[in-house]
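Alright, structures below, take your time with them.
There are two complexes below, and they share chain A, which is joined by chain B in the first and by chain C in the second.
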Partner chain A sequence: MSSDSFGDLSWRRVVGGAAVLGLAVLAVAGVVAPESDAGRLLDILTAQTTLAATLRLSVPIAFAALGGIFAEKSGVINIGLEGLLIIAAFTGVYLTDVTGSVWMGVLGGVVASTVLAALFAVVCIEFRADQVIAGLAVWLIALGLAPFASQVVYGGPNTTSVETVGTLTIPLLSRIPFFGALFDATPFVYLMFVAVALSWYTINRTTFGRWVRASGENPKALDTAGVDVQRVRYAAVLLSGVLAGVGGAALSLSLGQFTGNGATMVNGKGFIAIVAYLFGNYNPVGALLSTMLFAGLDALQLTLQARDVFAVPKPLVRTIPYVTVIVVLALFGRTRTPEAAGDHYESGDD
Partner chain B sequence: MNLRDSAERLVRASAFERFLISAAALLLSIAVGFVLILAAGRMTTCGTAATSFLGVGFCYDPITVYDRLFLGAFGNVFADPLNGQFATTLSETTVLMFTGVAVAVAFRAGIFNIGTQGQLVVGALATAVSVLAASTLVSGLLGTVLLVPFGLLVGALFGAAYGAIPGLLKAYADANEVITTIMLNFVATSVALYLVQDHFADPESAATQTVPLPDYAVFPSTVFRPRDDFSLLAFLFAAAVLVGIYVFLERTSFGYDLRTSGIQPEAAEYGGVDAPRTVVTSMALSGALGGLGGAVYVLMILGNFQTGIPSYGFDGITVSILAGNNPLGVGFAALLFGVLKSGSIVVDVGTDVPPQLVGVLRGLIILFVAMPEFFRMIGRRVWTFEDDPSSRPVADGGSGGETDE
Partner chain C sequence: MPPAVRLDGITKRFPGVVANDDVDLTVEAGTVHALLGENGAGKTTLMNVLYGLYEPTEGTVSLDGEAREFDSPRDAIDAGVGMIHQHFMLVDPMTVAENITLGNEPRKWGGLAVDRERAREEVTDLSGRYGFDVDPDARIEDVSVGVQQRVEILKALYRGADVLILDEPTAVLTPQEVEELFTVLEELTAQGKTIIFITHKLGEALEAADEVTVLRNGKNVGSLPTAETDREELATLMVGREVLMQFDKSPASPGETVLSVRDVGVEDERGVDVVRDVSFDVREGEVFGIAGVDGNGQSELVEAVTGLREQTEGSVSFEGQQIDDWSRRRRIREGMAYIPEDRQERGLVMEFDLVENAILGSQHREPFAEGGRIDWKRSRQHAEDVIERYDVRPPNADAEAHSFSGGNQQKFIVGREFERDPSLVVATHPTRGVDIGSTEFIHERLLDLRDDGRGVLLVSSKLDEVQGLSDRLGVMYEGELMDVVDPETVTEEELGLLMAGEYPDSYERAALAADASADDATNTNVAGERS
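What follows is the complex of A and B.
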């Protein structure tokens, strides 16, 4: 295993190096010939709005990824993150509409997502369901339930528009070129950075984090040490519900509407989150960086669509993030998962 | 005891239990749906309550909804066995038989193919475009005899190719097929949209769709009325495919390899099964079946390709899981889902309850079938239930990776 993960690590370096080199070439070409395609692409890449869009699009994916890390580290693979995002996105808008307060909406989204995660936890931990199938069920339930509820309340798969969460602008700092976007964002963006730092700290520096890791790597040892494995797993899955709930509510409340057609407005972000944390090797910081890569590509494709820079048809541009996910997964598919992930654990005295 | 015997026993011993669990899961989903309809009836407003329980009025009456959902799908079948609603039910069933068995084949091999939807889209578009091109060469009865099989073949081949991609990625790059297949669904939808918009659009239509196929190039409507878009021929073809896949899985050596890979991957490899090759072949076969579903959808229901294909692929997951991933069981589960899909149209027309209800039931059924332990616990409490710890009722293929139970 160790040689495997080492090989994996060097792969990461190669690809990372290639990406940096590619960007450098693009930058030089762009500076030398600002009127060329490279120049225009560089223009988009360095625009403050691109970074702002990247951050905005990162929020739901990053929160879901953090949740996924806790769940999977504890030994429960949560494929249902997509469903948690969907249910939180709808409930967020619905409760904002009912209560008139955006923050009540966020709370509602978190509660809805956590309830669904609790159902998932009971089914997996108590009733020993296959985690992947139960996760798919969570996704499909939310995929049916959110448009159903929207239809009942609003007479269509899309909700009405509600108040959005405004941006918090930090004076002066927000005027820095490009990086100013970091200081002119919704509270969710700041919250995302805080959540990443807290998650990293929790997993690596606290007792609970140690339990979560042990529960996924060696549940027997944890059991022997006198810690209830199932309880740790419940806590981790519920936490994934809370985190995904924030992400889902942030997604819909940044736009002020839930759209429930087809794959809904969540549109695969929960699954991209899974790849983000796999690519980030279960490290919250790594997960954030890979999230920003995917979200950055999404922001780029949105800008490309809007500005019509290249003559590439829009539907094809739209596939960029999905194709990238597949390529990343093909290159880094061999990520080492926690030893006991996916397995049911039964305490010996049961 | 050799591997073959124990594997066979594992499947047979739990067959009855599987049936009980599927039936119980279905009933429980309907019960939850009942509560959901009541709850939805409280979320909306209405002049007069449709029903009331314990003195509380509700806007929607679940009994009416379920009556429309299940009985509505059959229309007035005793007076007119060929009625339009029943024809719709059967045509939905036909497509679901393909997507259900597509998912089942992959699950039996221990692979989660969530990409049947994308494989169906690819197969459908390929069929619509290639049959249209070929339809200028022949016509009349000869055209039907040649073009329909040709269209099915094209759909199967394109579906197989699109299914082989995640298979190759899983076999040789260890990329999780759940994620890759879901991503490929998005890619298929977008690429199909692009191809239809920019290359194959019907110039005479405002909608994004291909040029309609001539009547002789689609499934002839046998027995049923042509306007109901159902062909008994296609239905019989689907039934034959299910039986064929059943025989293939149970009676051929490759089918045996495939099943063993699903139940005991290590043992299968030890027994000389080429694991990567089995993964790719199973996914190609699964994709071919999904592609066939797309071809039948085009050649029987649509008559061309239109964007916004219904979620037959996702329904196929529920159909397969409900059927215990058994190809013959898929026939019955597909009929049940055909009833639900067709009945949801009746619900939409006849009541105020949104037809998305069926989407919720779809997820609930999967969730409940996935937790056999729940029903076993209840079973043990109610009567002494024969408990067989070695049986994995839901996804004998699903739990693929783990054998250390």
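What follows is the complex of A and C.
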């Protein structure tokens, strides 16, 4: 089909070229006229604080996205990531408060998220529930439960402030202009990069990863090869709970507080994570890059508002990730959903 | 040396059906054995018993002279039996090597990581040993179906299979790929592997196998070395006749031509000509039958007539009008009823109840719908009428289609189609998998319809049925209409030969062919210049 080659090559070149050209124009304009809007924008874009904010905002999204990749690659669409982040964020703060140790808090967040993921797994895998509905239930349970628990314990939707994880600054390297932000960050930022690399390796190079992929593409093939599909799926969903748990705990323990008003402090990050891994075509590295793109836009938007460069309404900026993914999917259709994602599988079924 | 595979008195019963009835089968090591039979003859069931998917109700399986009991395919695989299913069990986005080693990956680093180098080497060695030409790094979704099949074979060999079962391996292949497959089978047996392949094509059985076993209605009706048999004998064995059916049939009084098929050719999904140059007429008040072994183009021909598939050549007329560009909907509206061969796939929506199923095909128009709204009261009345008149049991219009037995589903379809008041009924295998009582009922209704002056095009591979019901009988072989014969006078031997693609000695083709009216000079002999 001609439209295929059109979509694959020409469009990608046109869009990519336009983006590069736009950035070049901005850079030239910024350098030539530092006092213009373009100049100020360039200034913000190249600021070390922008990168630092981007990394900070990326952590919960990236961990949730990695979790989502494992679950969906195995054939279980986990749209409850948002709920896992919420429950982990609250539990992290609560246990830090109770035990006095941030790391016990992180552990508690991971356990809480994993338990909720296990519930989701049993409902989907054992009882054949619809994955999308069960995933929404996970979100709604956490959305109700976390602020309620906060109300009970702290008398309001927001918890008290607890100790934060603090930052880990690497001497010298952190002084590099702009990129120094990579070496002056919370331990979660470093952990995020390690988790991305490990996830990539697990999916592409280990037997477990191979079974996860087969389980999401053609579970019957895996079954006839003598591997228990349900066990592989349980493992993948539990792993998504662990990863989202780290992300949720990182979110609240970087700030030292859980805020439970409205959509809670998680505020859609679990859903952006889904968008991020779809955008990254289920590749952990791709998911990280798209996470950083979305987080970067968010960071930029925050600074822009503070500095009053173009008056971009915040709600509009917040839609950018969603709009981007729709445009990209429509133009390129590159994301390849696992064949059996969303389908229940039981040995012996036809 | 004991035989590689020996099945003794295998009986497999499912609720209400005997799929295998006391079947014996012996396959010598290092040979190719064809399991031949019509759809539903019990071939796949028998092989599923050997592969551990089904436990036999009675009988024993032995390999190399040793009795075995398999609880699951895993046990069979461990005992050296591999099965290549009709639908491949491959993971499309993975590579050939990844698929072959799936579940049995060579490992390194304490079993954690896949040793991809070794996997590739092992796969390359294995495919080299059998002369297979496959690239271990190619993705399954990028290679042809023929290569995918070889990957499936390699997968079984990688797991140590000595006995390979292939279920209808040629169904998805192009003719060239079929030849390549047969070469592969030769290479495998030369290296001591034992092959059993399931097929309903007798030509393939004769070409590729050393020995052939024919199954009919779940029974072994003969095991013969291919060197000592021929097409005719196999065809007769396959379709044979169990009980001579008696039909209480008045002589036909044919009227106007209702369906006229001229020089029709049809291609299948692979672009292979499966119907070539077929012409015939069906007249009011007669049953025109098409006999032949399954898979000789009958299904595709019927699909062309009913508008489900576009013919590549020729044309079809209905009641004097050319209908080649008529939609399916229009054909139904103008009075063409259709009893499809796969009632669960095409005849009914299994999750719908009978009220909904009763109006399928008429759901958009009066009397069942008006202005986009369905009149459920009338639909229900109609469903209940069909249920009553066609004796569908249990008589519950609210039950979903899948809760009925095959025979009752079929009676319901027959009823729905007949109640359209059609001028032509196209019925394909109308009694396949249907119990005796329902079969007789359907036969009677078909004859009633004929006596009422409608035309009937009947396709069936049951010889007694098609011969007993038809007033004129066409025989198809490899997409061609061999001849049209008088079912009253044709001998069984002649039919057997025609179904096998041969003309009996000193045989004169009947002039009945396409020629409905003897004075129609343009209608010449159908079978063309076959020499």
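Heads up, the rule we're going with is that the second predicted complex is superposed on the first by the 306 of 350 C-alpha atoms of A that agree within 3 Å, B and C clash if a C-alpha of one lies under 4 Å from a C-alpha of the other, contacts with A are read in each partner's own complex, and residues count from 1 in each chain.
The working rule: a contact is a pair of C-beta atoms (placed from the backbone, for glycine too) under 8 Å apart; a residue touches a chain by one contact, two chains touch by 3 or more.
Source: prediction; values computed, not measured.
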Per the contact definition in the header, classify A:137: touching chain B only (first), chain C only (second), both, or neither.
first
Scan A:210 for contacts with chain B and chain C and give back first, second, both or neither.
second
If you stack the two complexes on chain A, which partner ends up touching A:266: first (chain B), second (chain C), both, or neither?
neither
Does the superposition put A:226 against chain B (first), chain C (second), both, or neither?
second
With the two complexes superposed on chain A, say which partner A:128 touches: chain B (first), chain C (second), both, or neither.
first
Looking at the overlay, does A:59 come into contact with chain B only (first), chain C only (second), both, or neither?
neither
Once chain A of both complexes is superposed, is A:218 in touch with chain B (first), chain C (second), both, or neither?
second
Per residue count on chain A, the busier partner among chain B and chain C is B
Both partners, chain B and chain C, contact chain A at residues none
Chain B touches which residues of chain A in the complex?
79, 119, 123, 126-130, 132-134, 136-145, 147-149, 151-153, 157, 262-263, 267-268, 271, 274-275, 278, 313-316, 318-319, 322-323, 325-326, 329-331, 333-334, 342-344
So in the complex, the part of chain C that touches chain A is made up of which residues?
73-74, 77, 89-94, 98-99, 102-105, 107, 111-114, 116, 155
Once bound in the complex, which stretches of chain A touch chain C?
205-207, 210-211, 213-214, 217-218, 220-222, 224-227, 336, 339
Which of the residues in chain B come into contact with chain A in the complex?
36, 40, 43-44, 112, 114, 169, 173-176, 178-180, 182-184, 186-187, 190-191, 193-194, 197-198, 308, 314, 317-318, 321, 353-354, 356-364, 366-367, 370-374, 377, 394-395, 398-399, 401-402, 404-405
